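Each of the next two complexes has subunit A plus one other chain: subunit B in the first, subunit C in the second.
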Partner chain A sequence: MLRNTRRETLVALVLIAPFLAIYGLTFVYPTVAMVNLSFTDAPLIGPGQWVGFDNYTRLAGERRFDTAFWNTAYFVALSVIPGTFVAMVIALGVSRLTGRMQALVLALFFLPYILPVSVVYRLWDWTLNFQFGIAMYVFDIWGIERVPIFKTTTWFMPAVAFVTIWWTCGFSILLFLAGLRAIPAEIYEAASLDNTGRWTMFRRITWPLLWPVTALVTTIQLILQLKIFDQVYLFSTGGRPNDNLVLVYYIFQRAFVNNQGGRAAAIAVVLFLIVVIVSVLNFQLMRLAERRK
Partner chain B sequence: MTNYKVTGSVMLLAGFMSTAAQAEVVVEWWDFLGGGDGVRMKQLIEEFNAEHAGEISIQATTLEWGVPFYTKVQTSVAVGEAPDIMTYHASRIPLAVSQNVLSEITADDWATMGLGEGDFASATWDAVTIDSAQYAVPLDTHPIVLYYNKELLSAAGVLTDDGVPMGMDSLEGFTETMRALQSNGVKFPLGSVTADGNFMFRTIYSLVGQQGGELITDGEFLTGDNAEKLANALAVLQDWTNEGLQSTYTDYPATVALFTSGEAAMMINGVWEVPTMTDLNAAGNLFEWGAVELPMIFDQRATYADSHSFAIPAGDMDPETRAATLEVMSWMLKNSLFWATAGHIPAYAPVTATAEYAAMEPNATYSPLTDNMIFDPKSPLAGVAGPIFDVMSTYFVPTLNGEMDPTEAVEEIIIELNDM
Partner chain C sequence: MTASSARQINLVGGIITLLTLIIAVLWAFPIYWGIVSSLKPENEVVRPYIELWPETLTFEHYIFALTETQIGRWYINSIATAVGATILTISTSMLVGYALSQLRFPLRRPLYWLILASFMVPTQTLIINHFVLVANMGLLNTWAGIILPQLINPVVIIVYKQFFDQVPRDFREAAVMDNAGEFRILFKVYMPMNWGVTTALAIVTFIWSWNSFLWPFLAVTKTEMMTITVGITQVSDAFGVYYASQLAAAVLAGLPVALAYLLFQRRVTQAITLSAGIKG
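This part shows the complex of A and B:
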């Protein structure tokens, strides 16, 4: 049968046109416009004068950008790998259970994930508030000195990272479970016939075969946590937001509080590049590691 | 309740009947009054709507105070979705005018409302004036005051026969009062919002004012000995923390809770918490309490104050809506005696001149402070939740909780202020 390739191309084009149009309108165009904006001194709404690389060069010497950058990096370090690790451990545990028990335990671990961030904030503020948090009364009973967790820079990021892991690890657990179920049971059977210990089984079978899922989870986590905003915003209201600044918060502050759209766009472009570079690097590294195995 | 329902149905009926002849003008209203004063404002709005049934109806929305409110105002004006009337802090007006957010209140508007310069204190009128044009109609002035628990103070022997705290005229005196409370077993003699630098700006600015200092001199930040005065103010508060006289790392809701639960004997807070105390006390859930002007810690009396005002956002507005909006503002000011029950001092002078106002408590106890009120510097960088507020607050929290030295904090503040 003869194929009319020209016709096929045409059909293909028609079929993807709606997607391309929407993608162009809601992603490509705003991205280009944002990059453009970052070279101007525009306010939040309306045009501005071309200022070249000024918005970028002044970021280098800015204290708040510095704070925001390092806080974001610190938060990523505290949440991505620990979060992935916790999710994997829980998934390994859950996968040993069967039937209703498994469904129940899984549901319990997944429950926090369905909560909106504002509820998460309320729950943990009730727990950890310096004056009236439930945990503080427990501290009092044990004779431990109270800690103003969300009011000191020492504890803020670790606490927010902890809350974030508690809140979001349900989703990663699901991914890991799916990964675990995809490992054929025969491999484990064969291994146990050879008297393989539990640790060797994990190291030689589960870990390498789960690797693609691990790579996926860390990449998703990395992108998500680089864009941290909600939790930091909520937990630092009525506290010290400028000490707990993260990059997206800083974009918000420049754009919406200080009415400096151009400068905000410059930070957004920097963050965009960081996300692209870091996530591509991460994924490539993960693939390299896989090949070595 | 039944009364409301009847009025409601009458209004509804009147609404149906009048639609043909004349449509009711809807005035869209935004405010940031979320506390006890918000409840009173809602009551005023209901009264207005009842009185103007069939003619004007206010559709009110309460938004979150501070940055979220002003951010929303700015974006809504830019895209033409602003309300018809909104509450606005007088201290934010210079910034708002520089951002073209507000519509001028013209001489004709003032005439239509039946209000004028003579109806306001000159400082208040000045606060809404930029380059001899007015951009808002002042509703009140709201200073900060010292709240105190009469029972705890009396038990510690630091309540005078007139029922006010002892030692209000010097740093030593006030510190002694706090020490007496402390040795009498009070956990926190003073409840302070030490976790929120934004809030503490008001107290610290008052203490700078008590030394005759100012933030901006000829466009320069903290010139001459003003930096030292700021450091002095911070040092006093830090000493109180070091001595365990005030609560540390306390956020706003927790501070109010510490006071109302009796864990803190005194609290420096805005007059807007007066209705909270009044209502709790009326329900039998609060001790005997009082509110007075801030203690004189330095050489002169000074108290930070701001003013809630009504403003019209910039942008096109049809004449009927504008007329209705002016009527709303005029009515609110002329009925602002009730607003005084929210703790605020009405800006409309004929109201404060009445005998009813003079008899109102606790307003009468703290109203002498009106002679010593200081407002924010008039600059686009000043104002509640504005850039200066924001920068300074960053360094207030570590200083007030003893993490940072006051002089170091002032140096950092100056660097960052000049960096804006």
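This part shows the complex of A and C:
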């Protein structure tokens, strides 16, 4: 069949025109403008002078940037691997159930993931409330001293990481369940004929076959948690925001509180580069793994 | 395998199942606790012991939230922006997915790379320039301004492309024989075969948009233009430090998405696994 190339190109252009307009406006242009802005001393809105790499060199010795950077790293460490681990354990448990029971239990684990962050914030702010939170009664019963969790620097990040794992775990559980379903039942049957123990089965069959999903879940979580803002911001209200800074929070502070668009853009570019590098590395690793198969 | 070791393995299996059930109940407990607390009178809420059911069941906090605060207005804003973002995302992504999957044109490869690139770019870092852009367009405190940056959603395009790729070529060739134009082929052949995935993608796009916090939080400064997700955290004076009222507002904010999930459970989980790149 002959293809009418010119007609096809024309139709294609019509089809992608709305998309190109939207992406040009909300993605390509803001990205270029952000890089541009980071080399100026402009306020949030309005023109500024070209200052070269000044905004970047200033970041190096800045206390708030330091806090934001290390808090982000700390949060990633507290949430990514523990979150993946918890999700895997729960998925292994859920995969033993069948039919309606499995659907019900999965729904209980998945429901938090569907909720908006502000609802999650209200629920846990209430549950962990210093005066009336139900968790504090449990503390009392066990003889642990009450702590104003979101007001102390030591407890803040671990608590936010805990809430984040509770909130987003359903997503990872779902991916692990899909991975577990993809493992052929015959392998387990063959192994049980050989009288293989539960633990050996997990170590020799489930764990290695589940590895691609584990890698996927870990990287999705890593990229997601590098961009943390919402929970940290909400739980910081009335607390100590300057001790709890993370990178996106710092961008927000510089741009929208201090009205320093240029300096905020420099932080944004740094985070931008971190996330892009992690994504590209991940993309290459996945390609490598695929080729090895 | 001896009988006793088989029984032992069943016992261990039973314990694991039981533990899973207990953890599942504990996992959902904070949600239950939030709902129950919102149904108690304020003086019962702060009692220093655990009551799993209200002594006096009351809806006063819901009535208060719905009549005395701007929550109704926020609901309208949330519905309008989430529905708008969903319709725009689905319709534009469907067209691009079709073009990428079925047509040959010069810009095809760079276009594909642009979409893959937008996967990697963290939109949170673009907030400054999104704000400048939307401010310059005079769209702060408007529905359009809230929607605009939410339209970067490359996942929907990729999922559509994959589904259109799977439609057998014979359908397309038969339609071309009949002299059907591309739009006719898309809407009469490809879309009807993919209503399932369209529903799934539409529901999760709605949920994502309803739940988005950072951008609607920045784009709106006027209380009456806030979405409910932002509103319930920003206007504390509306609720005071009355925990039950705050929780009632939170329940109202989470209700639509929770219902969407519970009603369309299979579709939601399908779309979410697809969005992670796993064939559902």
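Simple rule for what comes next: the second predicted complex is superposed on the first by the 248 of 293 C-alpha atoms of A that agree within 3 Å, B and C clash if a C-alpha of one lies under 4 Å from a C-alpha of the other, contacts with A are read in each partner's own complex, and residues count from 1 in each chain.
Just so it is clear, contacts are C-beta pairs under 8 Å (C-beta built on N, C-alpha and C of every residue); 3 or more make two chains touch, one makes a residue touch a chain.
Given the structure is predicted, the values throughout are model-derived calculations rather than measurements.
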- Quick one: classify A:Ala191 as touching subunit B (first), subunit C (second), both or neither. neither
* To do: Pick one for A:Ala73: touches subunit B only (first), subunit C only (second), both, or neither.
  => neither
Exercise. Between subunit B (first) and subunit C (second), which, if any, makes contact with A:Ile205: first, second, both or neither?
Worked result: neither
Quiz item: Between subunit B (first) and subunit C (second), which, if any, makes contact with A:Phe256: first, second, both or neither?
Solution: both
Scan A:Phe229 for contacts with subunit B and subunit C and give back first, second, both or neither. second
Which partner chains sit in contact with A:Ile45 here, subunit B, subunit C, both or neither? Use first/second/both/neither. both
Max touched-residue count on subunit A (subunit B vs subunit C) belongs to chain C
* Who does A:Asn129 touch here: subunit B (first), subunit C (second), both, or neither? -> both
Just to be sure I read the superposition right, which of the two partners does A:Gly239 touch: subunit B = first, subunit C = second, or both, or neither? first
*Which of the two partners, first being subunit B and second being subunit C, lies in contact with A:Thr9: first, second, both, or neither?*
second
The intersection of the subunit A residues contacting subunit B with those contacting subunit C is 44-45, 129, 131-132, 256
In the complex, subunit A touches subunit C at residues 1, 3, 5, 8-9, 11-13, 15-16, 18-19, 22-23, 25-31, 33-34, 37, 44-45, 90, 93-94, 96-97, 103, 105-112, 114-119, 121-124, 126-127, 129, 131-132, 134, 137, 166, 171, 174-175, 178-179, 195, 198, 213, 216, 220, 223, 226-227, 229-230, 234, 237, 248, 251-252, 255-256, 261, 264-265, 268-269, 271-272, 275-276, 279-280, 283
Subunit A residues touching subunit B in their complex are 43-46, 62-63, 129-132, 148, 151-152, 238-240, 242-243, 256-259
Touching subunit A in the complex, subunit B uses residues 67, 71, 74-75, 78-79, 99, 195-197, 199, 247-254, 257-258, 387, 390, 393-394, 397-398, 401, 403, 416, 419
Subunit C contacts subunit A in the complex at 1, 9, 12-13, 16-17, 19-21, 23-25, 27-28, 30-31, 33-34, 37, 45-46, 48-50, 88, 91-93, 95-96, 98-99, 103-108, 111, 114, 118-122, 124-133, 135-136, 148-149, 151-152, 157, 173, 176, 181-183, 207, 210-211, 213-214, 218, 229-230, 232-233, 243, 246-247, 249-251, 253-254, 257-258, 260-262, 265, 268-269, 272-273, 276-278, 280
